[in-house]
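Following are the structures in question.
Shared chain: chain A. Partners: chain B in the first complex, chain C in the second.
For the complex of A and B:
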């Protein structure tokens, strides 16, 4: 997928960002907004993510793993139980093989390791829309 | 208690060095200060970030730094001038430590230690005990950079 196709596929998509640091949420938000996406919800833990997913049903979800109260893998599992078609990409600094396998096994579309560059992030989410 | 060997300690130190070098690539190489094993201690740093490692290896990890260094680090992360350690600056430093501790967990996995890590907590001005009676001799590793000295305290249980 070239850059033009990638931007076209992401344009006007709704996105939910789940990360416990506002710094990372802002970085991800800026990347999506530059691609013409609409960030409809920002959550700082898994509990909020499950509730906000139900309320907004976004096209895409960026999900961190290590968060207080409920981690991202549990939230991923609960969201997939609610909506098997949910398009969730895990965005985490915890890229051990078992975490990646668990995330993909729970139905994540892909896994991005932090730190990342914005084009890489957008490319993975565009691919997630295509499959 | 897991007896830490050099490979385990390096799994904590190397990601920290790597991220600090990425933050300040133009500065002189970072050097390690003298490694110390102290009696039950309390951090004397103004800013402390703590994460707990559990699983095959159990440890408390404390990243201690001065207010000035914390602001310098936040400034490098955010690419804007930072005049105080507000919630946005704190969030940037927490994310840096999240990435370091994530890389540590990956390095430990390569040594066949499966671990989980807790969310990073940030404390400013609080004197947090580093060790416990179960770990009376935490290892302190000073990482000396041109941004200041980051003190890495490791307590293994």
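For the complex of A and C:
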């Protein structure tokens, strides 16, 4: 997928960002907004993510793993139980083999290791829309 | 309790946490970091007044501890936020950025540790401690391995404490401000 196709596929898509630091949420938000996406929800933990997914049904979800109260893998599991078609990409610093396998096994479309560059992030999300 | 050989080696060498920190300082902050000698400190007391603690969980328990002066943290945050003027940054912005930075160092370090020593570990959300005379103690810890990182912005200290002690936990924090992220 070239850059033009990638930007076209992401344009006007709704996105939910789940990460416990506002610093990372802002980085991800800026990348999506430059691609023409609409960020409809930002969440600090898995509990919020499950509730906000139900309320907004976004096209895409960026999900951190290590968060207080409920981690991203549990939230991923609960969201996929609610909506098997949910398109969730895990964005985490913890790219250990077991975490990646668990995330993909629970139905994540892909896994991005922090730190990342914005084009890499957008490319993975565009591919998540295509499959 | 006898310390497993892998854990001892992981602490002695320290590459697992130093290399990711140097790489991230370059890519996320845009500064070159020059590591000093890795050495053992017989307690877990960090040197500087802003402290970020990321817990390590699994068969090895422990923490990665980053400490730095608030002024250095402010400069790092400014650079991580595309040059946002330091006077516009609040303590929450700085805490958040330092939490994310340390979280990524810890996550990336764990990948190396797990690959090198065939152990399954995870991390817990960062805790930020700010204020002079902060005191940090862990039950079950036998000191920590420490490396100073010198940068153009100032010094940063990284500490790693690991234990197989079942009772390992953060026991005491004394500081003017403590914030668990999230």
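Assume the second predicted complex is superposed on the first by the 131 of 131 C-alpha atoms of A that agree within 3 Å, B and C clash if a C-alpha of one lies under 4 Å from a C-alpha of the other, contacts with A are read in each partner's own complex, and residues count from 1 in each chain.
Quick note on the criterion: a contact is a pair of C-beta atoms (placed from the backbone, for glycine too) under 8 Å apart; a residue touches a chain by one contact, two chains touch by 3 or more.
Given the structure is predicted, the values throughout are model-derived calculations rather than measurements.
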**Request:** Assess the superposed three-chain arrangement around chain A: do chain B and chain C clash, or do they fit?
**Result:** clash
**Message:** Output check: A:96 vs chain B and chain C. Expected answer is one of first, second, both, neither. What do you get?
**Reply:** both
**Item:** If touched residues of chain A are counted for chain B and for chain C, the larger one
**Value:** C
**Message:** On the A-aligned overlay, A:130 touches which partner chain: chain B = first, chain C = second, or both, or neither?
**Reply:** neither
**Residues of chain A at both interfaces, chain B in one complex, chain C in the other** = 20-24, 66-68, 92-98, 114-115
**Prompt:** Where on chain C is chain A touching in the complex?
**Reply:** 24, 27-28, 80-81, 92-93, 96-97, 99-100, 103-108, 110-111, 114, 120-125, 180-182
**Prompt:** Of all residues in chain A, which touch chain C in the complex?
**Reply:** 20-24, 26, 44-45, 66-69, 92-99, 113-115
**Asked** Where on chain A is chain B touching in the complex?
**Response** 20-24, 66-68, 92-98, 114-115
**Complete:** The residues of chain B that touch chain A in their complex are 77-78, 87-88, 91-92, 94-95, 98-99, 101-103, 105-106, 109, 114, 117-119
